[in-house]
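Below are two complexes that have chain A in common, paired first with chain B and then with chain C.
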Partner chain A sequence: MSLPWETVIGLEVHVQLKTRTKLFCGCANKYGADPNTLVCPICLGLPGVLPVLNRQAFALAVRAGVALGCEVANVTKFDRKNYYYPDLPKGYQISQYDRPVNRKGRLEISMPAANKNIGITRVHLEEDAGKLIHPDTEGSSGVSFVDLNRAGVPLVEIVSEPDMRSPDEAHAYLAALKEILQYVDISDCDMEKGSLRCDANVSIRRPGDDKLGVKTEIKNLNSFKSVAKALAYEAARHASIIEGGGKVQQVTLTWDAIAEKTVVLRSKEEAHDYRYFPEPDLVHIQADAAFVERIRQALPEKPAARRDRYVKELGLPAYDAGVLTGDKELAALFDKLRGEGLAPKVASNWVMKHVLAAMNEKKIAATTFTDKTRRIAELAKKVEAKQITGQTGAEIFAWILGTPETASVDEHILKQGLAQVSDAGALEAIVRDVIAKNPKVVADYKSGKPSAVQALVGQVMRETKGKANASVAKDLLVKALEC
Partner chain B sequence: MTRHLYPLFSLRMDITRPLVEKVALLARLEIPPADADRVAAQLGRIVTMVETLNKLDTKGVEPLSNPTGLVDAFRSDEPRPSLSRDEALANAPDKVEMFLRVPRVVE
Partner chain C sequence: MIDLTASEIRDGVRAGKWKAREVVDAHLERIAAVDPKLHAYLHVDADGARAAADRVDASGVKGLLAGVPVAVKDNMCQRGIPTTCASKILEGFRPPYDATALLRALAAGAVPVGHTNLDEFAMGSSTENSAYGPSRNPWDPTRAPGGSSGGSAVSVAARMTPLAFGSDTGGSIRQPAALCGVVGMKPTYGRVSRYGLVAFASSLDQIGPIARTVRDAAMFLQAFAGHDALDSTSAPAEVPDYEKDLEAGVKGLRVGVPKEFFGAGTDPGVRAAIDAALKVLQKQGATLVEMSLPHTDYGIAAYYVIAPCEASSNLARYDGVRFGHRAKSFDGLIDMYRKSRTEGFGEEVRRRILLGTFALSSGYYEAYYKKALQVRRLIKNDFDEAWKKVDVIAGPTSPIPAFKIGEKANDPIAMYLCDVLTVTAPLAGIPGISVPAGFTEGNLPVGLQLLGKEWSEATLLRTARSYERETEFWKRSPAL
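What follows is the complex of A and B.
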């Protein structure tokens, strides 16, 4: 029906930093505390108090910039962003305007067609606002409640270039950003808890146009799914306006996840006038080259690099490498198991099969296994050496989880009689018994269905509670049936 | 490239009645319409006085946002006690249970 449109997307992502305290005061940076219990004269904006910058928050902001390939500023400073809102006690937010900590980075995203670099305009440090609650109970329709525990929590704002061309690319960018920020351990990036929040700018134009179309901004997208859906909705809305002969108005919108549509928050005329000016209560910060270099050196290996290394150097299948490096703790566990002497593929199998299953089933983190790797490796070696069967291995794995690392695997196997039975003499009686009890299966086998022997192997396994060496049992069965 | 980073403060401007109304709105100040012209005139005189600073030759002088010349003032990331909630909310014009209470800001 119509010519194609190109969607142009830029994202602004706010990420709460993993510090113990707030950006400018000693109140705890903690989610879920009782309302208004983590506040002090500084984050309440009481008169006469002065902010002092949290060194760790600054270091984490630099780490975020370095991880995203940014240029770190030699000198950085803070500015006041002025606006009145009940979640902002001082009437201004301490942020950074013209001299952000980091500029000009990039983030690689992988798309089905090809990988693509998304430009990062800037990564700056600022303080979070408090939380507003809009109760819908009887008699509270005209009021909002304010909890200032979050006021002053350190954030980095990561502003991308308008380099994304589809909601899928925006989704991939967010996923890659979350992955890398979690990897370098600057934030939990938990959208449900609000430690990662996303605003999106979107416009459309004809492919080949240099000029950007009129953009709209969508605020407070609170899940990856919302981001993709809201962007697709908004791009389609722009197209239908322009195709209908209209003009897109520059507005700020919010995404209604229930009605699945965007709703106007404010028009351009109502746009904020923030009247930025330099924060006189804070001094300039100099990040000298040695400081930045120390942070760069201490940076953990990026997920993509680790994934490549697992495939190229350790010979893991791409799928395994992807799963293992998707969770930093899982990758660490894998490395530790290799350190205990397991071959890469064996270590990977144990993590992918038993560890992941237990994590999902018991809702536990990969770190639960960190101090159990010696016994897990010991167990894996026994299974590899066919001293115990895979099935018994799974049972012993569950036992390891519930016992301290000092409990001996060997002793457990001995006590419970779990060693694999490969000795033909020990199995022969059972084989004879199984053949005698299953005349129908035996008849099937003899009438030319060799696969029937598997049913008999299963019976032998049952009789031995899974301890029989299946291939020895099969050989014995075939031998007995053929004579 | 010369760019005015801080528009309100770096542009020479006439203080007009619409500007007074805008600034009053941004500052959430209520200026009675009957007073607006008088306030505009007074603010104009104040700004004119401050503008005498422009007579100073600042060629080659770096802008300064903090007069102390200090850099790199940090605190360590060590928690310190917060106020009790009762203390924190003591001066609130309105509160309910654990929260400050304000007029509704969204529909």
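What follows is the complex of A and C.
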């Protein structure tokens, strides 16, 4: 029986920043446009042009660092990473080498056993490369096309410490990272569109060993599932090599998602020498304490902290808190409804039930409801006060969604006659009528089936088009049947 | 008309004495007459020049350079005009944009007549490294005009244009200006936008004026200096009025004379001319101060590491993918890069790309690039110390006058040593000017170089003008 192995994992995650324009030129930062339509002399790398730093991108990089608990450098600079590839117009990538914007952060991940902190080595700002397109069509063999729309899009590269000990932890780290970066609104983090990309470093060692084993790097993992699978595959491959008396070679690999195995991309000897040196076309950037503090103040509360607060301070069930904070906009909506005077659980119920249902059904975003919270709160209060029934509430909710906030809920209720009927006098005639029309149900009740009264309540509701207060109707029915 | 200075031309255009069109026609005629002998131009845009002159004549606004013909070094982008850097790799390249400095000159009414020859990608000191053949020195066409802005210096010296743009990385404005007997200034790093200047060594490159007189150089620089949002390294500092104190003289000015600027390799004719020049300044009221710039000799070594390092990266974009030369047949991507670049670049450019690539490589970075940056710092410290004692530093621009074409072409080290007195200014980021200082016995021009602290262009221009007023060497013109 073989001894156990400990897997050691570190991740390098590239995240595209949600800026209006590219990192060093005025071209739009947009996904999905026709090839080479979002380009200019600067991102095409024509002779004589110069980069100018996008301030918004820099601010977002600092925000990413602050959100991940990093130390933000007072002075930071850019460097050139030199290599040749057709998707890299200048023959170098403007990146950061020895003075990244952010260093030494951490990210908490929740695992079944216990929560764990994963160290963040650095978060630096750099430009994306373009894309190569290899057409499969016949007659185009050997021809590749270059699309430079993506060239120059701002990225942050987030490098973790080798602190993860299993593919599951790596998966949890990515999920937590995605959650927080979406929450602070620096990126869509959409792996399918490539706005979040992951490279993984993995090695194995005996538990208790201080020294790290020889690592391999897996490039361009394009889904969370691939990351976990590739890491598990690679760790097992390392173990079988070592257990077979061999040595793991330091190589760079790719993950073949179809064959579900790693494939060698290049060996250590073939590794690039990037010849980093300071980018002479850009000046050093000062990020003074006040600037960083402003960004820190403007940072939204982290999801985990907000979740805790909802449970501890507002008394929401953990499930509700989890759902609400899982989407920043949903949580914002919840907060806004509470601001309109709803009790936490009432506000939560309305978001979880009606808002989510409408979002799913109509494929709309939570922000659709942002300017409707005053009326939603008004409606919720009427239902709580039993002025209208839950069913009518749902109908009015749908009406609210299709009308402007200026439309009056009260007027609508009046006009449509939707107020809940709790007045015994108004209901008694209907109750008498229902009893007269349903002799069989009445007989059932009288022969000892009290539950039969529910059928009669249903009838009353039908007669009143749902406006009757069900419990008042039931009381009246029971009273009438008992005498 | 070709003997007029730029300011005379401008004043005449403003006063209605002559039309910009007449002026440009006279200069185009001169180019057609003498350039076949001198090869200052890679591309003459006669139609464009006439159209630009007509626009000046039709316009009510007569700017600082109204109607003045200007030559453009072929490493400055001009919209729609072939811009090749004298390299095969950029053959046929027409930029879709103008360099900022050029755009500003155009806005001031300048009339661009064409693009001038240079050492390929500005790498050289003789204009012999042009893929399109060397330019010739108008004072002796068997000799080189210096470089890399050789074509621009020749254009001005031979009365083809009163003004020309140059670019200086290690002396590429001042040295050819000296060897051709004209005024050339390298401004402080950051004074002029580099946007649209095809990069050689980004931390050193700077565009500057070449002119026959100091006043013309001042006026020209005035037109294109200043901050540019498209160049992050251009300084936001205000540009002073360079002509304001031009005639104020040098009384009380402390002029440093570093002993390192008069080394063993100095030509006796150059030495004599500079000694005489220093006496003129002294006579005009300047105080000469003997001094030392101890790290001068290390300038060449530092420069020939830093500049190739940056060049190796700056020139990576010429890969045959998007523009420029691509090999006709190749086998795969790497072969396409290799063949396109080998065919497209000349020998000196390839040498410097290899030098720079090597010096930046893992394991050599510390020994070469980093060490060179440390030397650069020491050279800057030398100057910072000097400014405590002197206002201006004076010496020869080049230790030797114009040399024969072919004389140094096969000896890169000898060629690099031509730059010994000019590389320190760009390494320190300070401005420098070369002003005509007479002739050797062989009737070859000598240049007096003046260096000053950052942003002291006005002081350098005033000093050069003071000397020029006394000597008037600019009035002599080569027999062609």
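By our rule, the second predicted complex is superposed on the first by the 432 of 483 C-alpha atoms of A that agree within 3 Å, B and C clash if a C-alpha of one lies under 4 Å from a C-alpha of the other, contacts with A are read in each partner's own complex, and residues count from 1 in each chain.
FYI, contacts are C-beta pairs under 8 Å (C-beta built on N, C-alpha and C of every residue); 3 or more make two chains touch, one makes a residue touch a chain.
Computed from a prediction, not measured in an experiment: that's the story for all the values here.
Counted by residues of chain A touched, the larger count belongs to B, out of chain B and chain C. Of the two partner chains placed by the overlay, chain B and chain C both lie in contact with A:Val146. Using the contact criterion defined above for the overlaid structures, shared-chain residue A:Lys90 touches chain C, although it does not reach chain B.
Applying the stated contact rule after C-alpha superposition, one finds that A:Arg20 touches chain B and leaves chain C untouched.
Once the two complexes are laid over each other on the shared chain, residue contacts for A:Phe277 go to chain B and to chain C alike. Contact with chain C, but none with chain B, is seen for A:Pro47 once the two complexes are overlaid on the shared chain.
Within the superposed three-chain model, A:Asp34 lies in touch with chain B and out of touch with chain C [touch as defined at top]. Of the two partner chains placed by the overlay, only chain C lies in contact with A:Arg80; chain B stays clear of it. Looking at the shared chain after the overlay, A:Lys440 reaches neither chain B nor chain C.
Shared interface residues of chain A, touching chain B in one complex and chain C in the other, are 41, 44, 52-53, 82, 84, 86, 146, 273, 275-277, 280, 282-283.
The part of chain A that touches chain C in the complex is made up of residues 41, 44-53, 80, 82, 84, 86, 89-92, 146, 273, 275-277, 280-283. Looking at the complex, you find that chain C touches chain A at residues 75-77, 83, 85, 90, 93, 95-97, 99, 194-199, 201-203, 229-233, 309-310, 312-313, 315-319, 321-323, 333, 337, 357, 360-362, 365, 369.
In the complex of the two chains, the chain A residues touching chain B come out as 19-21, 25-28, 34-41, 44, 52-58, 75, 77, 82-86, 97-98, 132-134, 141-148, 273, 275-280, 282-286.
Chain B makes touch with chain A in their complex at residues 5-9, 22, 26-28, 65-66, 68, 70-85, 88-89, 96, 98-106.
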